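Order of writing sets the labels: A, B, C, D, E and F. Residues in every chain begin at 1.
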Amino acid sequence: MRRGFYIGRFQPYHNGHQAVLEEIAKWSDEIVIGIGSAQLSHTLENPFTAGERVLMITRALQSLDCPFYVIPIEDIRRNAIWVAHVRSMTPPFDVVYSSNPLVMQLFHEAGMTVTSPDMYERATHSGREIRRRMLSGDEWQNLVPHAVTDVIDEIGGVRRLQQIAGTDE
Amino acid sequence: MRRGFYIGRFQPYHNGHQAVLEEIAKWSDEIVIGIGSAQLSHTLENPFTAGERVLMITRALQSLDCPFYVIPIEDIRRNAIWVAHVRSMTPPFDVVYSSNPLVMQLFHEAGMTVTSPDMYERATHSGREIRRRMLSGDEWQNLVPHAVTDVIDEIGGVRRLQQIAGTDE
Amino acid sequence: MRRGFYIGRFQPYHNGHQAVLEEIAKWSDEIVIGIGSAQLSHTLENPFTAGERVLMITRALQSLDCPFYVIPIEDIRRNAIWVAHVRSMTPPFDVVYSSNPLVMQLFHEAGMTVTSPDMYERATHSGREIRRRMLSGDEWQNLVPHAVTDVIDEIGGVRRLQQIAGTDE
Amino acid sequence: MRRGFYIGRFQPYHNGHQAVLEEIAKWSDEIVIGIGSAQLSHTLENPFTAGERVLMITRALQSLDCPFYVIPIEDIRRNAIWVAHVRSMTPPFDVVYSSNPLVMQLFHEAGMTVTSPDMYERATHSGREIRRRMLSGDEWQNLVPHAVTDVIDEIGGVRRLQQIAGTDE
Amino acid sequence: MRRGFYIGRFQPYHNGHQAVLEEIAKWSDEIVIGIGSAQLSHTLENPFTAGERVLMITRALQSLDCPFYVIPIEDIRRNAIWVAHVRSMTPPFDVVYSSNPLVMQLFHEAGMTVTSPDMYERATHSGREIRRRMLSGDEWQNLVPHAVTDVIDEIGGVRRLQQIAGTDE
Amino acid sequence: MRRGFYIGRFQPYHNGHQAVLEEIAKWSDEIVIGIGSAQLSHTLENPFTAGERVLMITRALQSLDCPFYVIPIEDIRRNAIWVAHVRSMTPPFDVVYSSNPLVMQLFHEAGMTVTSPDMYERATHSGREIRRRMLSGDEWQNLVPHAVTDVIDEIGGVRRLQQIAGTDE
């Protein structure tokens, strides 16, 4: 049994995440997906709740050919104990897939195997870019799985983001 | 879409929980399972980590004929905001299934529909009884799904509980 | 200007508190009333929210001939810094009125003047006794000001307490 | 009974707040005033303690023709549960008066009525501008009620702010 | 370089702790002494502050022939991350000396070497027994190093404990 | 007995700190050294854990002719209670040595004596400058005591900082 771990804030979950997870699925028997900063929502950087992000990810991966767990992880604001915190909230995993330098360093110091997945069209496929487009009214739907568009529509996610930004014209 | 919510500490997950969830599955399109006191582990009342409990539940429900989410929920130690906390961590749900008087009252005050499922052989099928049997070396395996026995064996769960109790003979 | 400080959990506010505050009013230009354990509610020991307790106290003291402040104080769970915490949340005060040994000791170590008010019919006029009567269905209304009975009725306070206790016959 | 809610950080309380509250008083039987970020003080953005702010507000509103409550509200750093937190600390209210986009959105998602009061000479009547004047030694007293000047003088508020800024010439 | 780790609450530090540390000193180049529950004080179980306990230990060990560190460790209330928390606050250590079943289990699960030191006259040499004697006015001074008696006298420790207990005759 | 208090984040401990402490040693019988933001590590501003900083300081001061305590102090994020927090974690002290405006103001408001030590070649001897040099690969070793270089080498501190910065070429 080989279980891989992948963590992100998924604000929102997009095609770049999807591409990475499809890649990880090839090498894993099971995947644990951690939703970071789970306690944050309704900010410009973190508009969606953990529950909304659980929904986006689960629906978008419905046809993934690999069992997966989606686990909200609240911030603990202490890097030195963050790995222990993550591990207490998740089924045990063998490999960490991450391109985040801090995440890589923390798992490396904890003695775990860390692998950097290839990024998928990173310039456009980033949460920051997608949130920017939502705010400015640009097309963002083509950057996320259909299921994610549906979830964001249902919860009025774009309207929420614009309202928070105080630019709700 | 009718989504039901069920919460417990699952220390450990047992046949009583399984029976309730199989009942809830008949009435729901999807089930959200909250793991309460997710941050606790390695105590006499809460021996298992959230990640270990995620594993028990997911494996035991592998053949359940209803999609489900398993979400660790850390305690927030403030009853008046607990429902909002739970809802921020979970996909939206319509019905709460619970027999816990406090949980029922808190969701009721929040204006949600609460239903009490029938309990399954409650005297023996309780976490407290199972932990008691683990400590005293009695048979407990017949009270939990096979998958749970496997998880507890893998992590040395009985040994951990006995060691914590200082009764490790 | 002589400002007195009085703190309690007020679960609920009763005639004993009222008698003490009427006494303190004689010696003070203003009174600061701290609501302790403000973050707790919906438990057997602490059934009412801070906001509900603010309402009870303010209404019951409506005709007190001394200006007063009612300030919710969340627990900080560290006795050595509790006095500094209280003082940061309240207008400055000169005298502490308390019969609680820990409160007295903490303010004493901080170099403040502490005075023990006479207690009013303490055996019956205690939050514990009133909550016990609410649970068992006994008469409790005669132990609290009329305004408090009204608030508890409005919020369904007795029903809430009984439900939490799981003894709601 | 119609109770309105108004929240701010009040660093410090100024004539703009006063004008808004006088307006709200016309439409309300009672007003609940929440002091946000109550736990913060002694910073450039938040120089005054909650207790000092309680004092400023209470004194400045002494002749307001509407009963009011002044309630310190500590930050909870989780937007999704902030409304529940506020409501647990305050008497129940019917209308929220706010011009803050995040506050408006959070109460709106909670299903409450939110109204935007007219702002009073906003360019000069802002906490930021008043703190800037305090730091640079400019006239700020004309922007706040007299009672607020008195409180700030008593506690050495301007000196505190300048000292924290390290520009205490 | 062989560094040993020893942790206790030291409420108060007594001859039993001293005997264990003198034993550990024989096997170590340096000792790290962790003061557990550092944030607690002024309770019946935890009367002394972390700073007071630092003072007791440092003075009592003044002539120990082994360099040592005394580090207050605040509780983190999550067993699964407690070892990581301890290690982030202390210089790295190789061996854990403990007789506490939970401490032993947590370090064991983290893959560290744990050794149980012999206890010294455990029945009388326990914090609980010493605090009991302080409360009842019995002789306790013979159970602690002289330096500890001095510290407790300076801070009025017995008076504090009796006052908290409400039995200050 | 005259005990002085000195606090810093020591990220890392450098010759400027050493010079100040040697000066304080002349005026003190004992020194209490507080390690601020003890819970932080693995960030660009705070790369080292509290335990690593304890090690740096203790080794660098090995030949100081004045007994000293090194105490990690976790942030409490509330300035108004920070002094009480510090005092609960440390042996009692009489004089505070600090050049930090906020630290000076907070101890001043608490009624304590605060003295500003002369700074030693401040432009180069700052944690910020040393971390900048570590990141850019410049010479930094001449700005810290030898013992600190050793500790940073042992833990791979420069590599950690570069990795976190994502500039690890």
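What we mean here is this: contacts are C-beta pairs under 8 Å (C-beta built on N, C-alpha and C of every residue); 3 or more make two chains touch, one makes a residue touch a chain.
Everything numeric in this text was worked out from a predicted model, so none of it was measured.
*Asks:* Keeping to the contact definition above, tell me which chains border both chain E and chain F.
*Replies:* A, C
*Asks:* What is the touch distance from chain D to chain E, in steps?
*Replies:* Contact-graph shortest path, chain D to chain E, evaluates to 2.
*Asks:* Going by the touch criterion at the top, tell me which pair is linked by more C-beta contacts: C-E or A-B.
*Replies:* Higher contact count goes to A-B.
*Asks:* So how far apart, in whole Å, are chain B and chain D when each is placed at the average of its C-alpha atoms?
*Replies:* Between these chains, centre-to-centre, one finds 43 Å.
*Asks:* Please report how many Å separate the Cα centroid of chain A from that of chain C, as a whole number.
*Replies:* It comes to 46 Å between the two C-alpha centres.
*Asks:* Cα centroid separation between chain B and chain C, in whole Å?
*Replies:* That pair's centroid distance is 37 Å.
*Asks:* Which residues belonging to chain E are in contact with no fewer than two other chains?
*Replies:* 39, 41, 49, 78, 80, 87-88
*Asks:* For this assembly, give the contact graph shape among line, ring, star, complete and other.
*Replies:* other
*Asks:* Mind listing each pair of touching chains for me?
*Replies:* Here the touching pairs of chains are A-B, A-D, A-E, A-F, B-C, B-D, B-E, C-D, C-E, C-F, D-F, E-F.
*Asks:* Can you check the complex and tell me which residues of chain A touch chain F?
*Replies:* Touching chain F from chain A are residues 77-80, 101-102, 104-106, 108-109.
*Asks:* Okay, in this complex, where on chain B does chain A touch?
*Replies:* 38-39, 41, 49-52, 54-55, 58, 69-72, 74, 87-92
*Asks:* Could you list, by residue number, the parts of chain C that touch chain F in their complex?
*Replies:* 76, 78, 80-81, 83-85, 87-88
*Asks:* In the complex formed with chain C, which residues of chain E make contact?
*Replies:* 39-43, 49, 160, 163-166, 168
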